[in-house]
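Below is one structure; the comments refer to it alone.
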Amino acid sequence: MIRVRQKPFDPGDEINAFCTHNANSGAIATFIGQVRDYVSSESGTGSVSELILEHYPGMTEKELARIADEAASRWSLDDTLVIHRFGPLTPSEAIVLVCTASAHRGDAFSACEFIMDWLKTSAPFWKKEVSPDGSEWVEARESDDHRAAEWNAK
Amino acid sequence: MIRVRQKPFDPGDEINAFCTHNANSGAIATFIGQVRDYVSSESGTGSVSELILEHYPGMTEKELARIADEAASRWSLDDTLVIHRFGPLTPSEAIVLVCTASAHRGDAFSACEFIMDWLKTSAPFWKKEVSPDGSEWVEARESDDHRAAEWNAK
Amino acid sequence: MPAIDVLYFAWIKEKIGVGQEQVSPPGTVKTVSDLLDWLADRSAGHRSALSDRARIRAALDQTHVPLDSPIEGAGEIAFFPPVTGGAS
Amino acid sequence: MPAIDVLYFAWIKEKIGVGQEQVSPPGTVKTVSDLLDWLADRSAGHRSALSDRARIRAALDQTHVPLDSPIEGAGEIAFFPPVTGGAS
């Protein structure tokens, strides 16, 4: 299931519901991305007071569903959940949650990491960090492109 | 932190506490192992009514701590949590929870999977499945040895 | 060519000053790249936002496409910087 | 040799009938494997439990060791099948 939402969510509650819904899957892997309180640019030194996540409504959901489908075609999965927030976020809030359920832990782990890697380079979200120095759009990292591309070599 | 316990635990509550405790770690990876309701042996057809986990008190905690230390020496981690149950368990209950916190998702994912792979082959736990056919000790799988060994080639 | 909805996101939107506009480019505009050239002439903001092609990505009808893709038949074209969602 | 605590787990414990016993093997028992040979003579249950070496693992003072390890100085030796904790 794909959910793109502005309101905060409770990772523990979502994970418990996912586990209950997949009670016969022996292996559940999850990833939680949290807002950090320091700016991502190497030249910056300030602390982040707010993170603003812009997205492309409609395309976001399509891309996340495409990524989840791709994961399901590569590994044996019982279920997948992706929750991603947009709008203003504050440090320590959860930005993203990915859960995968499988009979095998290797499949659950690989699919969860794959979804995060592809999400980073193809889901249409853009981050703007607000700090005492002002606000700045976060630059994409080449290392993320490499991570996403490596899955095609596996 | 390492916790070996008989009583059930709530994965969502534990994960939320771990996230709160590591509020500045951008990346949290987790794995939850659940008791399945079907027997693991390929010849068996019955459903599992109970899983009994025996362990080696004292050594279990030592081995889990050693594995977590090894993970911390291989990757950049802010924190690690391993909870493993022993005693009688029923299907769909959580057996094991591993959480890793890092600034980088690659480190969080790798460390979490590494801990599960090593735990499978070195933490002194033994599973006995109780089904309508009787009760049977679960056999170790060679594939688990391979997975654990592969980390030394990375 | 029929009218196309053009969408802008992140700093591209900020430089242009609008997030969406409807345009009717001439028939000589055949690719995404042609459209960027044509849009750049609309204002100083457009020129500033759309000049550095290495930092621009495009989607045709909500699917990622390279800049040399033909645009014929597209109803919605979006321009945005490389994406930065997810987590660390 | 001083007395050693020997621990058994899982089906090894079930076959032997006890989870723990204190033994004082003779000085000729130098390795884990020697100890297994010596223990096997204690009862039919011991023999049945300890005969298939491929299925037996050992720990000396709560650390995994190969079966050819010397046991001198050990206070606690455990025998068990390959471990099966964790999850799928």
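Order of writing sets the chain letters: A, B, C and D. Residues in each chain are counted from 1.
The rule is short, and it goes like this: a contact is a pair of C-beta atoms (placed from the backbone, for glycine too) under 8 Å apart; a residue touches a chain by one contact, two chains touch by 3 or more.
None of these values were measured; they are calculated from a predicted model.
**Q** Compare the CA centroid of subunit A with every other chain's and tell me the farthest one.
**A** Most remote chain from subunit A, centroid-wise, comes out as D.
**Q** Where the CA atoms of subunit B average out and where those of subunit C average out, how many Å apart are those spots?
**A** Each chain reduced to its C-alpha mean, subunit B and subunit C end up 48 Å apart.
**Q** On a C-alpha centroid basis, what's the spacing between subunit C and subunit D, in Å?
**A** Roughly 72 Å separates the two chain centres.
**Q** Please work out the Cα centroid separation of subunit A and subunit C, and write it as a whole number of Å.
**A** 25
**Q** Counting only residues that touch at least 2 other chains, which ones in subunit B make the list?
**A** 26-27, 31-34, 36, 103, 105, 116
**Q** Going by the touch rule set out above, which residues of subunit C reach two or more other chains?
**A** 86-88
**Q** Which category does the touching pattern between chains fall into here: line, ring, star, complete, or other?
**A** Per interface graph, the chains form some other shape.
**Q** Between which chains is there touch?
**A** So, checking each combination of chains, I get A-B, A-C, A-D, B-C, B-D as the touching pairs.
**Q** For subunit D, which residues count as touching subunit A in their complex?
**A** Touching subunit A: residues 86-88 of subunit D.
**Q** Would you mind writing out the residues of subunit B in touch with subunit D in their complex?
**A** 31-34, 36, 53-56, 58-59, 62-63, 84, 95-96, 116, 119-128, 137-140
**Q** Contact residues on subunit D for subunit B in the complex?
**A** Counting only subunit D, the residues touching subunit B are 7, 9-11, 59, 62-64, 78, 80-88.
**Q** Quick one: in the complex, what on subunit B touches subunit A?
**A** The contact residues of subunit B facing subunit A are 10-16, 19-20, 23-38, 91-92, 94, 103, 105-106, 108-109, 112-113, 116, 147.
**Q** Can you list the residues on subunit A that touch subunit D in the complex?
**A** Result: residues 26-27, 102-105 of subunit A touch subunit D.
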